[in-house]
Amino acid sequence: MKKLINDPANYVDEMLDGLCLAHPGLVRVGDDRRAIARSTKMRQGKVGVVSGGGSGHLPLFTGYVGRGLLDACAIGNVFEGPTINSCQDAIAAANGGAGVLCLFGNYGGDKMNFEMAGEFAAMDGVETRTVLGTDDIASAKPEESQKRRGVAGLIFAYKTAGALAEQGARLDEVATIAQKTVDRTRTIGVALSSCQIPGAASPNFTIADDEIEFGMGIHGEPGIWRHKIRPADELVDEMISLILAEKPEGASRVAVLVNSLGSTPFEELFILYRRAAQRLDAAGLTIVNPLIGPYVTSMEMGGASISLCFLDDETESLLAAPAECPFWKVG
Amino acid sequence: MKKLINDPANYVDEMLDGLCLAHPGLVRVGDDRRAIARSTKMRQGKVGVVSGGGSGHLPLFTGYVGRGLLDACAIGNVFEGPTINSCQDAIAAANGGAGVLCLFGNYGGDKMNFEMAGEFAAMDGVETRTVLGTDDIASAKPEESQKRRGVAGLIFAYKTAGALAEQGARLDEVATIAQKTVDRTRTIGVALSSCQIPGAASPNFTIADDEIEFGMGIHGEPGIWRHKIRPADELVDEMISLILAEKPEGASRVAVLVNSLGSTPFEELFILYRRAAQRLDAAGLTIVNPLIGPYVTSMEMGGASISLCFLDDETESLLAAPAECPFWKVG
Amino acid sequence: MAITLATLADAIARANAAMSSLTDVLNAADAKLGDGDTGTMLARLIGTFAAVDVKNAENLGAGFMALAKAGAASTGSSLGTLIITAMMTAGKATAGKAELPWTDLSGLLAAIRYAAMARGKAELGAKTIIDGLDALASGVEGKTDAASAAAAAEKAMDAVLAEFRNRPSAMGRARMFAEKSVGLDDPGMLALAEIVRSLAKTSQHGAKPVA
Amino acid sequence: MAITLATLADAIARANAAMSSLTDVLNAADAKLGDGDTGTMLARLIGTFAAVDVKNAENLGAGFMALAKAGAASTGSSLGTLIITAMMTAGKATAGKAELPWTDLSGLLAAIRYAAMARGKAELGAKTIIDGLDALASGVEGKTDAASAAAAAEKAMDAVLAEFRNRPSAMGRARMFAEKSVGLDDPGMLALAEIVRSLAKTSQHGAKPVA
């Protein structure tokens, strides 16, 4: 796979430099500058919200640093967790004296590293709480939903937690809304083609020219089935059915994210959204705040995911609160 | 190439339905509903700004309908011009009694169709003016710049013309600023991989696994050279040098667009932007309003383009004026 | 003898019938250097024309205008727009008239050729449908009936295709590959020739002459 | 005889030297079901350790802590974080001490194993480096010097690899392919075994015993 890059060893650092040059609201911080923070000073008394993960998923993770969203973000090499130090750097940057929420995807390495960073932070008197994104319904049964991977739906939790923190809520309140948002968010994806880590000799996975994999993770983790490609409407129907099978009691309004994994163009996302909207309407659900575009990608991977966040009054009003980062602007 | 679509014959209409469902600020208008207009009533006395072209380039063209940008847009099948009727529908929707600017890329079919639509509009007493996007410096020598194709840089003209029209300027003033913006905008692209029209039996063009084409157009039109892939910084240096060779006298500030043609991810765009910013800085140019992302695409085509709009006070202040469409929000 | 609404309706019906075998031929010609859609576009456009109730138009001019209007909704291609331009030009030239003498056909084709040049910003000699129209206008000059006009038209089209075949394209999509276009027919010119041929054939063999 | 800062520095230098041939072996083991980076990660981490001036640390505890700190800046991988956890655990256990008797090594390894389990939320028997640590702790129990500990450690690692080889993975990336992991060594466990082997070899052959 061809890429517009220089030495693969510099891929992440050059990308972060470009990101911060283009968006002066972001700065690189820490010894190895592998954390991104807001360029404005952290407001004292405000709870910090941080995230982190591997590179290669832009706008995730670093692109969501901004007012009403993340205060800082630790970033690793492509598809590798951030180092413990980077996690510490992000937590330190987001410390306004009121504690820091660590909100990231449910991946082993990331969990361990944020946990250790949290222990170091505790030694410095900074309280942290952890909430894990676990929205990928393809990755474990509902009974084991806490084992699920975190994928695109994580950004809804960024938004609600970020908004509540901005309003001056306490750490446990911010953690609670993040957890509630995760608990009410479900994602399912479909992959069409692979991506390749810069410098790697081969793509991350292979898939035949006429096949798709339903439920595949954002690093190519195995999904539910792999078959010949089908019409978009059929796929959307299956995706929406699986998600609605786990609809929380009483939910009648939903936020929707139709996300490109990378190379799937806007045109196709709108074709998917059209059908999703029809199905949700038929199910008696009202859509608020639809997001359609590349929000959580895997470089040039082909495919798309649909995320629903089943709203209640609190999550709905926090999703609508003003926010601004390089890739998402509300209000 | 796999696509998340249904019957290719319905590709454009389903896409437009999804677009308007997701963005209630847009509506489909006209007999065959192949024009997109703002859902708010056209303000009487305001000059209308319309564009148009083939499908497959989202966010272009229809995605730029919104306050301070386009009032309406005619849209054809994938990579085909809009019909004369669709052009008429767009002009009619943008008619506020003060005339309509037709602002679109320099392509034969589009030109003829808008010209005929303009003649029909004239019979109905609607005055139109035409300004053509001609920013692709790879497509003709500077002496024949009026023959150049219109590519990504067209959106700068949308922005300045849309802002001036919003402020209540007259048709000739709006046309003049659009022409000035086009005259001060230069784009050059590099293509890595092809795209395929839905339903077509094969990709639009072919390119070897280790080759890139410098200067290729957004439908795969021939570029300047085709060689083995090179480091991103080298490519950016060549792109920027070519553009700066046509820097208008006295320009010291530039708006920059680093655009993905489709499957080239944000990470690579930021790597390109980093180098572009270095080179512009070295050339004594100040960057304002950098835009980095998929703004003008060719479905899943791989590659990127760099556009510079050399600013003067007037264009700079119009670029900064408030505007809002599904894919671009200013202020 | 003169061209009437019946002549027009009949010609459209014949051209429409001919498209079933011409679509692939013309697509293939366009695919060599263009985007391969000339046949599909033309079939769609002529199909749209065939659906117009031309026979019952108020007069010849109104008939041509109705065709222009219907066509404007169905094509966004260069050739399609040139054909619509042709219909509008014919509509203006025959406005209010019930018929057009065959002797005036050459003048009408010349007017169409000029209008198409203006629309396409194209010159004569660029190897497009315009050179075909030019040859056609000269070819039918002085012909006073359908049969002789048809025979002359067919001959003129054969000649102009042959004349241009080994010249490079300077207009349309093929201009990007000017050298490669040498030896190939221009799809728009070929389309005109094939339509003329299909009309002429039926006309000469007399089954149902176009007049 | 006891473990001192010199022992620690020496062990790191030897492990670092061994990585030059181990990197590819461990990457290959991880590539079978994981992301193929165990060797690269470990080489980077041990290289970072080797750059730390352990010998001149204030005491053994401070030496381990310095390693933990340096490591935290260099890895984001699961195995790397478990190793840093190990260094922190060792640092706490030997805080302020100049040396650790060889007889206490087993207890330290057991403490590390527990800390790693807590960190990785992993159980014994899941076929990870944790089972390797468990075997190692039992193996060196009662050993009073470097040479006997080394021999016992090597034996224990051979045995635990063999014991787990035909069992499925229940942790780490390979858990996604539990059935396929049967017959393959866990890359983390293999890494521990190979490092132990490289330390034991030099120690037993006496060239420069680790003590």
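Letters A, B, C and D mark the chains as written, and numbering starts fresh at 1 in each.
The working rule: a contact is a pair of C-beta atoms (placed from the backbone, for glycine too) under 8 Å apart; a residue touches a chain by one contact, two chains touch by 3 or more.
These numbers were taken from a predicted model, which means no experiment stands behind them.
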Pieces of the assembly after leaving out chain A, positions unchanged: B, C | D
| item | value |
| --- | --- |
| Chain whose Cα centroid lies at the greatest distance from that of chain B | D |
| Centroid spacing, where centroids are CA-atom means, of chain A and chain C in whole angstrom | 58 |
| Between chain A and chain D, centroid-to-centroid distance (C-alpha), Å | 34 |
| Computed distance of Cα centres, chain B from chain A, in Å | 30 |
| Shared-contact residues (touching 2 or more other chains) in chain A | none |
| Arrangement of touching chains [line / ring / star / complete / other] | line |
| Chains touching one another, given as label pairs in label order | A-B, A-D, B-C |
| In the complex with chain A, residue positions of chain D that touch it | 35, 37, 72-78, 81-82, 84-85, 88, 119-121, 171-173, 176-177 |
| Chain D-facing residues of chain A, complex | 31-32, 54, 76-77, 79-86, 88, 108-113, 115-116, 219, 221-222 |
| Chain A - residues contacting chain B, complex | 2-7, 11, 14-19, 21-22, 55-56, 58-59, 63, 190, 192-193, 209-210, 212, 229, 231-233, 235, 262-274, 277, 290, 292, 294, 297, 299-300, 302-304, 329 |
